[in-house]
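Presented sequentially are two complexes of subunit A, the first with subunit B as partner and the second with subunit C.
The block that comes next holds the complex of A and B.
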């Protein structure tokens, strides 16, 4: 019974982790940016969904839509206000752009965190689930919300796969992650490609944020942990490898769930951290990463 | 880069700081005391980042190691302050070596993650063994450096002056130049016959030594050690912001940035939650428009 419970809970939480990490990984693969305001964008999406569905009275679906929209808008804001000015700056030496983008997005994330704490307080908020109720799966009482989370996450990931592998714009993204200079020579404008990838990222982070808000609840204090977990999943899977991130999301999700159920919820993140140290020492490129 | 004019400016500023206790209240001195300890940690970080080119996201790992070694020894072994400080420095250097091993093998984001994980692990350990370490509530030390504001201020200022002088001198020495070359182009530095690994290892040890000492002095000043005040990632981020704000690769800039951050946080305290927002947006603007930081602005004016 406990085994099945772990199996179901772990599967749902891993799907959510995967969705959160895929966008993060995509941005890194295509534009080489590690976005440390990732957690902040997810929490803004969740809090927007919570506020529009509750206080403003737009209902559960209206709230969810507003949350995704908030993720999308904030993603663009991050790109145009923080990332792009640093990338285009002449005053910053090329080899230091990376650390400046990291510091810049980190500060941006802290600003968003403080703004949320100021406007909505740092109390945990739980978004009303899209579908309420509980089903019984072979004796394990499972909230329908958990199944919805799972389905939505995998649908979004599936659509992303189709977009990347089956459309012209998606193939351009894939090419950009392999050889940006070659793509420029073929007449593609890199700036447009970056816009597309940040747009996709915003939608993914928005969906992940809203689902997270309904599944676990969020507060502005979670932002650091959320960014760190996406970062660890992506490094574990291999930076820039989307399928690696998905596998890593499942490893992390199950490891945490098993620890939480069998040892204690308070130590759930410790085995993951140890595994991460081990992988980084033994196989720095991650599970599926290229050197 | 920074000529003798800036050296004299720094000297003048130091004289002002040394004369300060005769003119301001104990409250201001207490504020600056914390700022000076932060300054040492930020300067130590700048040696690793600005010179060795290693992006250490976990300066609070080294600071926290020093702080907790000193605290535990002081509380459970009833050790006097001086042996505690020495042990803290030793523990931090050991921690620095643990970080240095992956740093020599990994690059950029991967190393950054290892340092981040090191902080998270240390924080988890402290919270897990909260029976011994006091966890998030904190553990009170049996000894403090001094109870008088003025004495504490002298200790902190003296510590910052000596550490800053040593770190600055080191960064301007030939070893510092080799370190800088290794950080910017390790292959070329090695091709010129310099032992890159040895220099980076030394940089890690020295940076860790000062970080650990700063952490230990800080808890002996505060009288308590808690995960939130010496280990939390947010504290480490403060050191990083301070160093970048003041001007990276200058050592002294890190100290200026730290003092600025602490004072600005205090001045903006009436804003409540918004004070951190204002400080971080200011830091973001500086990074976007003045990537050289405060000292970069000074150097730019002159050039």
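The block that comes next holds the complex of A and C.
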């Protein structure tokens, strides 16, 4: 019974972690950007879904869509207001741009965090579940929302896979992550490719934020933890490797769930951090990393 | 050129003279009260709001000793370090006559020595740790400037047990409980008292769980509690509240929650939890629907009219505290800190939370509030269909206990 409970809960939370991390990983793989405002974008999506569903009367589904849209818009805002100006700046030496982008997105995330706390308080908000109620799976009472979270996460990840492997734009993304110079020589505009990847990222982070808001609830105080969690998963899986991120998401999700159930909920993230130290020490490129 | 320089030098003096001439005769400096609070949290945001409301009322009635009250608000971002800096600024630069500070025990404990060092009277509208009053008792000469404007954790636990005796044991014949509290300074004495007073009323405590305030996924906690089959969960939560409540309802955890849940004390809780708070039972010392005193309901209504939500528990106390300080300034004939402390010790004030008198220096809970019949008695409320309904004590209750269908509570 407890085993099945861990299996179900771990699967759902891992799917959500995976969804949150693939976008983060994709951005790094294609454009070399480590977006430290990742958690902020997820939380904005969740808070927008919460506020529009209730106060503005959009309803559960309208609110969820508004949340995803907010993730999409904020992702573009991050790219055009923070990342691109730094990348295009002549005042910043080329070799320092990565660190400037890192700092820029971190500060942007903090600004968003303060704005959310100012406008909506730092108390957690919970998005209405897309489907209410519970089902009994072999004696384990499971909220239907948990199953919905799992299905939506995997559908989004599946669609991303199709997009990357079956469409021309997707293949260009893949090529950009392997050899951006070659792609430029073939006549592709890198700026356009970056726009596409930030758009995909925005939708993925938006969906992940809304689902997280419905599954566990989020507050502006969670922003740092969410970014750190995505970062840990991506480092564990290998920076830039989407499939590595998915595997790492399940390793992290299950390790946390098992710890929370069998040891104590208060130490759920400790083994993951230890594992991360071990991986960085023994295999710095991560599970499936190339660089 | 020289003449122009002289003219330039004379201009600032002329401006100052003009300002002095423009000031109305007899206008005195306002008396400043500093409010150090967690502006971005549900319980904390009510503190400056309620303090301003009280100051506006006092000023409209002519102020204190011919002077107006001015509230200076410092957002401490829930940080003890920020609070200490704010306190130093309030006392040394802004020259406040008194400070109303925070609902977080860790913050108030950090400020306590500063109130002593800077000889600035301070009161907390919401922190609960027993250590606050214990420190005053142990070092009265230095810490006499500190007053406890909310109840100590032990007193709160006793109130919860009194309510549990009538409602849970009396009405529902409950026999077992799990104590579930967040890991914080205020819950250490709270839990100690829960573990003593629950067995006294006939409830066996089958487990005692302390949660990290960083917990976001409560599924394993509820899973463990459900496995122990208690009749009720006795809560001690303040920094957390929305997430455990929502997950409790979404997962249909069949054990009712009863006790202290600070976030549940504001009307925003219903919206933040999307209505899943239905059935949650929580302690308060005053409520919008009960005339604890003739001042309670008018204050709650005025607050709701001005801010769109009902005050959190710390709003009621902060409102009373501005009035108590105003009264102390009046009696002291000014803002001399030692005289204000003397006057505060003689407080005999009917506020929104009850009849307030402070406990003397040689007794337990020094500078804490007297509790019991004739003073502060406490209430128990339940969220029912979007409203906070007072269900205990019976003589003031406006509704009966009602539980959502997923809770297995036998009548």
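What we mean here is this: the second predicted complex is superposed on the first by the 291 of 291 C-alpha atoms of A that agree within 3 Å, B and C clash if a C-alpha of one lies under 4 Å from a C-alpha of the other, contacts with A are read in each partner's own complex, and residues count from 1 in each chain.
We adopt the following convention: contacts are C-beta pairs under 8 Å (C-beta built on N, C-alpha and C of every residue); 3 or more make two chains touch, one makes a residue touch a chain.
Because the structure is a prediction, the values reported are computed rather than measured.
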item	value
Subunit A as common anchor, with subunit B and subunit C clashing or fitting	fit
Which superposed partner A:141 touches (first subunit B, second subunit C, both, neither)	second
Touched partner set for A:89, first subunit B, second subunit C, both or neither	first
First, second, both or neither for A:79, with subunit B first and subunit C second	neither
Touched partner set for A:266, first subunit B, second subunit C, both or neither	both
Which superposed partner A:231 touches (first subunit B, second subunit C, both, neither)	first
Which of subunit B and subunit C A:115 touches, first, second, both or neither	first
Partner chain(s) touched by A:129 [first = subunit B, second = subunit C, both, neither]	second
Distance of closest approach, subunit C and subunit B, by C-alpha atoms in Å	5
Those residues of subunit A which subunit B touches in one complex and subunit C touches in the other	117-118, 266
Residues of subunit A that touch subunit C when the two form their complex	2, 5, 9, 13, 50, 54-55, 117-118, 121-129, 132, 134, 141, 143, 145, 216-217, 219-220, 222, 225, 257, 260-261, 265-266, 268
Of all residues in subunit C, those that touch subunit A in their complex	40-42, 45, 78, 183, 210-212, 214-221, 223, 241-243, 246-247, 250-252, 263, 268, 271-274, 276
Residue ranges of subunit A touching subunit B (in the complex, touch as defined)	34, 82, 85-86, 89, 91-92, 95-96, 98-100, 102-104, 106-108, 110-111, 114-115, 117-118, 224, 228, 231-232, 235, 239, 266-267, 269-270, 273-274, 276-277, 280-281, 284
Subunit A-facing residues of subunit B, complex	49, 55, 102, 105-106, 108-110, 112-114, 116-117, 120-121, 124, 127-128, 184, 233-234, 237, 240-241, 244, 272-274, 276-277, 280-281, 283-284, 287-288, 290-292
